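In what follows, a single structure is set out as C-alpha cells and then discussed.
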C-alpha cells in the first residue's frame, strides 16, 4: 500500500500517523506538503490531525483551500482512497468532500479522553477488519468534534449506510443525549462518515494512537490492516 | 476602505457557545436574557476607494473562505 | 509618565539608588532612556538572580550523565543511544493572575522555546499549579483560564501535556502559581548553545514581528503585587501557538544543517536579554540595527523594541555563507527572517535606530557588576512534633472526605483538556502511574517525568519541605521502574527583601541540596520567582507558601516494563518502608481536624534511597504488577487510588504496628511504597535480606477496598466521590 | 428587544487569527487586503422594551462576562 500523508502548517499528528502506517503496513508513507501541486503514485491519501493554520477562523477552513486539496479532490474523484482523521476530517468537510460540519464540542472544552466507537458498517476498506457492532477504544483529542448536518443529510447518510462509526459508552450503549456516551454532542452520535462511493472516510478519534502493544493497546489496528488488505492489489 | 464581515451560525444550527453564554449570564443574575447567538466579526482593510467594489470583494471572500455556508450566514458592510 | 532619565525614573524602573549609581559609574554619563531600560531589565531579579544567586550556587549540578547543567537555556542529560533529554521549568505567575488564559499559554510557549532553542524536539509538557481558595470566584476564573490556556497552547503546538500537580491554599488567593515544564529530546552531537562567536557574523531575527507587548514584564515579575497592579498593567502578551509550531519545525529543520553558530530564544526582556546574553557569553560585541527588526506596529521607539516581550521570536548568529539556506527554510514556514545586526570586536552592545545610536553599553560590566545580594535572613522556629491526636471521625468517613477534598480529588477534569497522546509516544498518561512516561521515538526506552512539591510542609519547615519535594519526585519516578536522572526546579517565594522570606528560601535550597546529593539527583536547570506576595489596602502583605516546585526526569530501558497504579486481581499487596503514623501537617489533620500544625514528616534520605533502589530493582526483575508511593493522604489513600485506577479491589490485613489506626492509615510517612506482586514471598525475602522494611499488607480481588473491621468501599463509590470536585466547581 | 455586543481585541494586542486570515486571503489571490482583525459578535434577546435599559444591560454583561477588558474592547448596539 502506497500511502501519502499531507502536512499543513500546524499539522501535528503526522508522525503518529506515519508510525501507525509503517507499523501495520510495513512500509513508510510519503510526506506531502500543502503547497504541492502534483501527487506521486499513491493508493491512499491521509489527512492527519493537528491544528492546520492554527485552526484559526474555523478548524480546517484554511487547509481546505490549500493547493494540495485540488489534487486530493481530483484523486478522490478518480476513485482514490482518502482518510481524514480529526483535523483531517474537518478539512474534508470544509472542502465538501464529506457532508456536514464539525462544531465546537457541546461542553465547550477541548476533550482529551478515551472514546469508544461502534462500527456501523462493514463492507468498506476502512471497516472490513471489524465486524458490524464491534466496539473499540480510540482516544479523542479535539475541541471541534460536534458533528452536525441537516436532518435530510443525516437521513441520507444513514439511508446509504455511510455512517462508519458512532460514539458509545465503554459498555457499548448508544445514547446521543448522554455526554458519557456521546462526549462532544455529535448529532446521532456520529463519529465517522463515508463518501457516497465509500472511499473517502473522515472520523474524529485517533485510532493511529492505539496501534503499538508497547504503548498499551492495539484497538486501532483494524482500520489500517483493513486498508492494507484492500489496497495491496 | 474598511469593511466588516459578520458571520453567524444559520437559524436552526445548534450554537453551543451561545447556549453556554446564555447559561453563564443567567448564573450571573441576568434573568431576562433569551436566546444568545455567537458569531464572528472580521474587520478588513481593503485597498480601494470604491464602496461597491469593496462590498463585492467582501462577499467573495466570505463565500470562499470567511464563512462556511453549510452552517453559517454572513453580512458585509462598509465601516470606514 | 515623564521619561527624563534620572534617579527617580530609575527607581520606577526598579533600580535602587545604589544600582542607579553603579549605572552612572559604568557609563560615565547619564544613560539614555533605552540604556536605562536595558540596565533595569538585565539587573531585575528575574534576569540577574541578584537575591538568589549565592544560594543557588550551593546546589549539586554535576553527575557523569549531566551534559549541560545550569547556565544554558535548559539542562541536558545523557539518556543513552547518543540521545539527550533537554528540560527546564519556568514560572508565569504574575501574568497568569492578570490574564489567566494568555498568561498560562505564553508560559507554555516560553518554556518550549527554552528547550527547542537547544536543538531538542519537545516531547512532553508538565505543569505545577497552585491556586487560592477554590470557593472564591476569582480562583475559579483563574483555574478556568489557566487550564484552557495551557491546553490551548500545548494542544495546538502538538506537544503532549502528560503531567503536573495542583494544590489549593488561601495563601495563593492573589498570587496563583503557574510553573510550566518542557522535556525535549536531542542528539548529543547536535546540542545548540547561546554563546555568540565570529566577529562579523550576522545576527538574525526569526519568528513573529515585534509589537508593544509586555514592555517591562521582567521588572514587573520582580515587583511585589498590590492592588495597583491594574495600573502597572502592561499590554498583555498574547500567544500564537500556531506560529510557535512553525518556529519549532523551522528551527529543527535549520538545526539539521550546519548554519547556526549560536541561538537564543527571546524570553523575558526579549531582544535585550537575548542579545546581551549571546554576546556576553561569547565575549564579543554586538551591534543591532532596529530599523531591520520586523515590526507589527508603527512608530515604535528603540526603548520599546528593546524591551518588548512579543512572543514566538528567536535570535541567532549564523555562518554568513549559510544565511540564504536559513532564509529559505524560514520563508518555507511563512516566518519573518531578518538580519538585524552583526557581531563586533567592540565588547559593547550598540543599538542603532533611525540613524541614531540609542544605546552603547560595555557588556562586561553590565554582566559582572550586576548586583548581587546577601540579603539578611531570619529563620522561623520549627513547629514541634505533633502529639497524639484522637480520631474524631472514623476511618471510612475520613477516607471519603479525603478522596473528595480539593488537594486529592481527581484531576481528570483538568487533564482531559490537555492532549496527552499527540506524538504517538505516550506510554503512561496522567493518572496512570506516579510519573508520566513517554517513549523515546525510534527506541524502546522511555522517559519518566513528574513535578512535585508539598507547600504546606515547606511552610512548616522549609528545610524538610525542600528535601521532601526532591525525595517525592525521585520516588515517583522510581515507582514506575525508571531510574531518576536529574532535576529542574522552580523556586516560588515571597519578597526576598523580608528576612523571613529569605530565610525560607535559603533553608529550602539547603534541604533540596541535601536530598539531591543523597539521591544522586543533580539540579540541571531551574527558575526563581520571587515577590509572590499580595499587599492589601490594610498594609498587610501576604506571601505565598514557600513553593520550591521540583520537576524531574528518569529513564527506563524498556517502556513496556513500566509500572502503573492499576493492579490486577490475585496479587499480594506489600508495604515497603516504615509507617510511624506521621500526622503533622497531614491532609488528614487539615481536612478532618481542621488543623494545620505539627512538624512535617521526617525525611530519612538514607531510607529513601535504600527503599527506592530496592523497589526499582524488583520492578526491573519483573516481580511487580503495580506500585504507588505513599504521599498526600497516607497509606489508605494510596491503596484507594490503586483500587480506583483499575477497578480491582483488595482486602487489607489487620494492622498491628504500634501506632493508632488512623495514624497508620493516614500518616504521611516518607520513603514508603505499596506494591502489588505475584511473588510476595520472594519479594519479602529479598527485602529482608536488603534490610528494607517490608510488611504483607493484603491481597487484591473483588471490586471494593475492604478492611478487617468491616469497612467496604467499592471502586465505583470511591471514584464517584473522588471525581466530583472539579466538575462541580467549574461546570455550573 | 435584541442587542448586539461586538468584542474586538484592543489596538496593539496581537491578533494571531487576523494575521492568519490575512495571509490565507492573500494566498487565495486577494492581493489588496491590508490588516485583518477578528472579533466576536453576540446577539442577545433581552426581555425589555426599553432601549436605554437594554443598552445598559448589554454594557454590564460585556463588562462582567462577554468581553475580557484586559485585552478587548466592546461596543453595544440595539439591532431589533
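Chains here go by letter, A, B, C and D, matching the order in which they are written, and residues are numbered from 1 within each.
Simple rule for what comes next: a contact is a pair of C-beta atoms (placed from the backbone, for glycine too) under 8 Å apart; a residue touches a chain by one contact, two chains touch by 3 or more.
All figures in this text were calculated on a predicted structure; none of them were measured in a lab.
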item: Number of steps on the shortest touching-chain route linking chain B and chain C; value: 2
item: Selected interface, A-C versus C-D, where C-beta contact pairs are more numerous; value: A-C
item: Whole-Å gap between the CA centroids of chain B and chain D; value: 9
item: Centre-to-centre distance between chain C and chain A (centres being mean Cα positions), rounded to whole Å; value: 36
item: Whole-Å separation of chain centres (CA-atom averages), chain A against chain D; value: 34
item: Contacts with 2+ other chains: residues of chain A; value: 53-54, 56-57, 62, 65, 107
item: Chain B: positions in contact with at least two other chains; value: 40, 64-66
item: Multi-partner residues of chain C (at least 2 other chains); value: 240, 242-243, 334
item: Inter-chain touch pairs (all); value: A-B, A-C, A-D, B-D, C-D
item: Residue ranges of chain D touching chain C (in the complex, touch as defined); value: 9-10, 12-16, 19-20, 23, 68, 70-71
item: Contact footprint of chain B on chain A as seen in their complex; value: 57-58, 61-62, 65, 93-94, 96, 99-101, 103-108, 146, 148-149, 185
item: Parts of chain C lying in touch with chain D, wherever the complex brings them together; value: 98-99, 102, 208, 211-213, 233, 235-240, 242-243, 296-297, 310-311, 334
item: Residues of chain A touching chain C in the complex; value: 9-10, 12-13, 15-16, 19-20, 49-51, 53-56, 107, 109-113, 139, 141, 143, 206, 208-209, 212-216
item: Chain A - residues contacting chain D, complex; value: 53-54, 56-57, 62, 65
